[in-house]
Amino acid sequence: MHTGEHSTAEVVISLIEYDETQLAERTLTDIEECYESADGQQVAWINVDGLHDVDLIEKMGNHFKIHPLAMEDVVSTMQRPKVEEYDGHFFVIMRMLDFDPESEVLTSEQVSLIVGERFLFSFQERQGDVFEPVRLRLRTAKGKIRGRGADYLAYSLIDAVVDHYFRILEMVGDRIEELEDDVLTNMAPASMHRIHHLRREMLILRRAVWPLREAIGLLYRGEVRMVQEETRLFLRDAHDHCVQVIDTVETLREVLTGSMELYMSGVSNRLNEVMKVLTVISTIFIPLSFFAGVYGMNFEYMPELGFRWGYPILMAAMAAAAAGMLWYFRRKGWF
Amino acid sequence: MHTGEHSTAEVVISLIEYDETQLAERTLTDIEECYESADGQQVAWINVDGLHDVDLIEKMGNHFKIHPLAMEDVVSTMQRPKVEEYDGHFFVIMRMLDFDPESEVLTSEQVSLIVGERFLFSFQERQGDVFEPVRLRLRTAKGKIRGRGADYLAYSLIDAVVDHYFRILEMVGDRIEELEDDVLTNMAPASMHRIHHLRREMLILRRAVWPLREAIGLLYRGEVRMVQEETRLFLRDAHDHCVQVIDTVETLREVLTGSMELYMSGVSNRLNEVMKVLTVISTIFIPLSFFAGVYGMNFEYMPELGFRWGYPILMAAMAAAAAGMLWYFRRKGWF
Amino acid sequence: MHTGEHSTAEVVISLIEYDETQLAERTLTDIEECYESADGQQVAWINVDGLHDVDLIEKMGNHFKIHPLAMEDVVSTMQRPKVEEYDGHFFVIMRMLDFDPESEVLTSEQVSLIVGERFLFSFQERQGDVFEPVRLRLRTAKGKIRGRGADYLAYSLIDAVVDHYFRILEMVGDRIEELEDDVLTNMAPASMHRIHHLRREMLILRRAVWPLREAIGLLYRGEVRMVQEETRLFLRDAHDHCVQVIDTVETLREVLTGSMELYMSGVSNRLNEVMKVLTVISTIFIPLSFFAGVYGMNFEYMPELGFRWGYPILMAAMAAAAAGMLWYFRRKGWF
Amino acid sequence: MHTGEHSTAEVVISLIEYDETQLAERTLTDIEECYESADGQQVAWINVDGLHDVDLIEKMGNHFKIHPLAMEDVVSTMQRPKVEEYDGHFFVIMRMLDFDPESEVLTSEQVSLIVGERFLFSFQERQGDVFEPVRLRLRTAKGKIRGRGADYLAYSLIDAVVDHYFRILEMVGDRIEELEDDVLTNMAPASMHRIHHLRREMLILRRAVWPLREAIGLLYRGEVRMVQEETRLFLRDAHDHCVQVIDTVETLREVLTGSMELYMSGVSNRLNEVMKVLTVISTIFIPLSFFAGVYGMNFEYMPELGFRWGYPILMAAMAAAAAGMLWYFRRKGWF
Amino acid sequence: MHTGEHSTAEVVISLIEYDETQLAERTLTDIEECYESADGQQVAWINVDGLHDVDLIEKMGNHFKIHPLAMEDVVSTMQRPKVEEYDGHFFVIMRMLDFDPESEVLTSEQVSLIVGERFLFSFQERQGDVFEPVRLRLRTAKGKIRGRGADYLAYSLIDAVVDHYFRILEMVGDRIEELEDDVLTNMAPASMHRIHHLRREMLILRRAVWPLREAIGLLYRGEVRMVQEETRLFLRDAHDHCVQVIDTVETLREVLTGSMELYMSGVSNRLNEVMKVLTVISTIFIPLSFFAGVYGMNFEYMPELGFRWGYPILMAAMAAAAAGMLWYFRRKGWF
């Protein structure tokens, strides 16, 4: 049963067949067209965009004798990244992420690989992926990728996914830098929401990369027999990259926590500042108003009212009191 | 000794006997009626709803030579999930949870399985469970469940419990989304209580699933001999699901913590806003009131009072001062 | 050297000797009276209440060839729970706790067991313990405890101590429920102190049960040779109980932390509410007072004062302004 | 290169030579005087107070063929506690702490031991140490310490250092109790600084005892061959003490964190209380002042002013309004 | 592909060739000039400052048959510290840090070592490093460094980098001490930013030293065969230093967290103080002003106004009320 959103988009199946000397690309209309290629001497990479046509996937699974649990995992799109070995093939799940720097939204898509001796099936939820550089290297035969087996192709796809994490982290890092400047200068209440939002996205990234690291670890330590010695050295490199992604995610999370504390302390400081203004003004004028009130009383016997210098003396005394209080507040550093 | 709430509801015992070709369902009036079935060639699933009839359970335990410690654990309903192996049977405890999205209340019920070669006893505290899909698959012989032994039935029940955790997490996730919107828009003081409440429920879920993961781990790694090779592959899948539940619980907990911080910062911002209004109003009118008070004094010699333009000039000066302060506060971004 | 508080209470030594058919209880006046029993064929449980008579304990230690480090640990009452094996006996330290629900005070007492083939010495700091159910089962020969050796008696005592932790946790749990209600309704400043106090008590409980879990683990995994196979199964059960106590303690600690956050947010909310009242009242009346002050000035030329409708118009304008501000504040949700 | 503070105090070298029957104490003027003793049949304990005379230490190191890295560690006084084994000797670094309860200052001093078959060198930064009880036991031959080798002497010195940690923890614990009372009653701003200060000291203690625990673990598990079987049992005891110190440090740190939270909540409560007083007073008198201001206006046509009962009625209305508001505030629990 | 900032500075290649008797230093214009030296009997240390000339590095890599993944890591400058072994050489990446105490900025530079039997290549991003003491020891033949192989030279360079961490920690420690004084006395809002900034730098340092510790661990435990037994002892020492750096970083981070809490509590205390002043002044003068206002009303029938002693009595009553309130506030400890 397919558990992702139901889509009406057509399922697109593309095939790249290659060996050291030749490469052919085709778009298939039915999965059956690839059966011959997958059993041939060349390496066949069959990429399926769209998982909602469950029949197609079941047909293919039955033909290649893929374990039913693996086929179930392909179509249920909330799986954790993992590697599993079966007879004649191994199975990789990973999460391909994308980040829109405008809306700061991180989108996540499940990519599954079924890797045999000379074939590799990749399943994606939607069209559009991060594998273009791999296709380019295949076409131009750069990096000798064409001389190696399907296991090296699997490494290349995994590496492309992990590499894209770095690009996402860079974009997120830039947004966080901006955000910090924002916090320091504007204290906009929206900052808090953005911090909260970015922390959630870091959680998503962490959930994608932690289990992927473990899965690649299984591959490079040789616990999956189909992976060749030479490819393992490259997988160790991809593993190191995963560790670095995790490190960076943790650092960004700590930086976001720090920004939040900065923001909270900024809010407190601002409240303090507001309260100081209120207190200075009130403390100066409330007592003065009282004395003005006193000499506004209508008692018949208030001798001061008749004094010739009463008014100027009172005003001078008030000015002196105000000046004294200002001096006191300034000494306390209140403004 | 039974440690749960004492119930007056009747104990309901139901029996499903099946093999690849046949299936029979019965409701029993006494536990003794199942003795013959449990020793037969078919797989017998005996489900007991209600644990307060300790005699019945003791009788059954004695007949099947269940270890007294296991029988004790069946009736004392605060056990941690676990798996234990005894001679001729193994014993599983898990917690079946349910969530009411209206009241946001999570209820917990202990389910114990005693699994022999060809029999499976399940004990529940109350009627009503999450095993209906399993019964359906048995009746319709879907997924070939009928061709496998009692160990596969045990897997199916465990999987049904874990699957229901996902449904609970989805419901809780929806409530948290709502709650976050609430926090961002309303700042209702009740939000804090709801956050606190949901965090406690996440604690309950975590306490149910962590030890269950370990228990399933024991089963799939083959440390319980009665579990067949083929079933283990399925148990590994259930184990993966447990890990995913734990992941999601941790994420939801972090999101709840984030919401709480959002809420607290919202409260601080609101206080700031209130204080700014107070400060702006007070800072403008308290000094003006003082000057009005001054010219309300009754001194005999206050020459300004006799000036023809005294009143308009004072009013104009006051208006100018107020405007100046407003300009100052706006420049500071206070409103 | 005895490190607990010095007590003047008499040391009470009691002896229970039993086998499957007989049981005798005695109170001893001197430790020497038990020598014969401890070397006999029956199981002898010698319980010593009071550790300040170091001579007595030394005499007993020398007679039974207990390792001096063990004897030192018996009388120095701040030990961590542990299990140690020596020639011919093993040594258990645990902490017996008690909780007074009235004063919410948790008291802690060190209990040491020295367990030989057919004797068990238990040392307590004070009279009064949680072993009464064990004595009862011995007297009534319930649960077949009398047919087993001193190692099973040791298990029974350990289990009695762990069981009492559950009862304490229940009482503390109830107090925490009450406390939470208190926080939600009263916001009494004392809540914070009670939360702090209960968290300290949870620390004490955690420090008692964590190392005890490890110690029981050593016993049930068979690393102490004197413990029989059959007893180990029971010890595994006690181990599970310890794990459950730890789980519950951690949950209660998280709940207490949650309560504290609830309390702090409640305090903030309350401050907000107070400030809103102040701001609404001040913002309405301070400007109005200013206008009243203006028309209280004594300028000779204030034409408005002579207007026939001046007073009613001003009052109406003021009422309108007040109503406008109230409307504005209500729209902002301030009251 | 010596990295501690440069001192002008003289280096003091003292020697204690003993076996089961004899003991001699001497103060040496040069390190060379001990060469003969260290190679003799008796155990020789050479204690050096003062590390700034690097030549002396180098000379001694060369004579006894101590590894240059060990000699470097002796004089560079910021080392982490550790144990290292070399040919013919092992090397221990630990930190001897002292706490002045008056100033609440924790001082730290590096103590290194070089332990051979029959000699033990101890190096301290300053005069004054916690080894007096060990010297006393040597002189009075108590605890049979004189019958054992240099490894047991090393244990005794380590144990003396760990024992002193307990005394420090007791003193710190007392200070924390006082501090908590202070927080609950006075809310002095200085409390926060003291909490912060004590937490830093707990960090120092933790950094001293964590690695020491590991180091003792190496010794008692027999990974250093020179330590005899019998001594290991005592080292296990010292190891247990380290664990207990760590436990207590963690508890005190949690208590300090709790005190800080108590303090912060106390500050918030106090602010609340202050604001309530301000709000009650302002809310009662600001509106009343307004009405007094109204009847202080000088409009010619204010009919109320001429009413016979105007003044008493107004006063009564004001008193009633004030009483009403007081009742309202009391009902809200504001005072 | 080089991933660091593109630089126009020239790449500087320097060569030090030495054995026990001789040492020669040269600056090379092309990498090819060192080929002969690297294959000779002397140890050759080739240091390259500047990584933007990728051709040069590739040429060198091809000549010495360095694995392409290692060469890639040399030029991509965001690598985590690590050690990797290849045929005939091992590869070390570390981060050389520098701290400017004026601007409190921590700069980070990647240093890679390729260590063969008798050659060592070091690659730095920029000119200027912390290796001057090593060069000095080479020139003066101090510490017998010249008698050992390239592995000991690698140790010396690693040790120089770790040693510089200590110097950075000392500088940062001093800045933190200053900062704490600042927080206690000034409460400058900038303190919070500085705390935040220094915490980020501690994160950078931690990310540099954690993986380096692991990497050195691999070297000293002998998992890289080219490292000689004797050098391993020194590497264990460098490993200990890494652990100490980590310890100190953690302590400084906790101290910074403590400072932040101090700051936040200081802000709260200050707000409290401000509010108390406002409350004391308002609470005294607002009621008094009301009474002055009352006797400023213009009612015709206000008998008190005609009393001979009305005015003095009222003033005395007001003074008494003010004094009473002051006494009340002082008793409450508000000023």
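In order of appearance the chains are A, B, C, D and E, and numbering begins at 1 in each one.
Methods note: contacts are C-beta pairs under 8 Å (C-beta built on N, C-alpha and C of every residue); 3 or more make two chains touch, one makes a residue touch a chain.
All values reported here derive from a predicted model rather than from experimental measurement.
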| item | value |
| --- | --- |
| Subunit E and subunit C - chains in contact with each | D |
| Where subunit C and subunit D are represented by their mean Cα positions, the distance between them in whole Å | 26 |
| Distance from subunit D to subunit A - Cα centre to Cα centre, in angstrom | 42 |
| Residues of subunit D engaged with two or more neighbouring chains | 264, 268, 271, 275, 278, 282, 286, 289, 293, 296-298, 302 |
| Going from subunit C towards subunit D, every chain in order around the ring | C, D, E, A, B |
| Subunit D residues touching subunit C - in the complex, by the definition given at the top | 184, 233-234, 237, 240, 243-244, 247, 251, 254-255, 258-259, 261-262, 264-266, 268-269, 271-272, 275-276, 278-279, 282-283, 286-287, 289-290, 293-294, 296-302, 334 |
| Residue numbers on subunit C that touch subunit D, as the complex places them | 67, 69, 78-80, 82, 189, 192-193, 196, 199-200, 203, 207, 260, 263-264, 267-268, 270-271, 274-275, 277-278, 281-282, 285-286, 288-289, 292-293, 295-298, 302, 304-311, 314-315 |
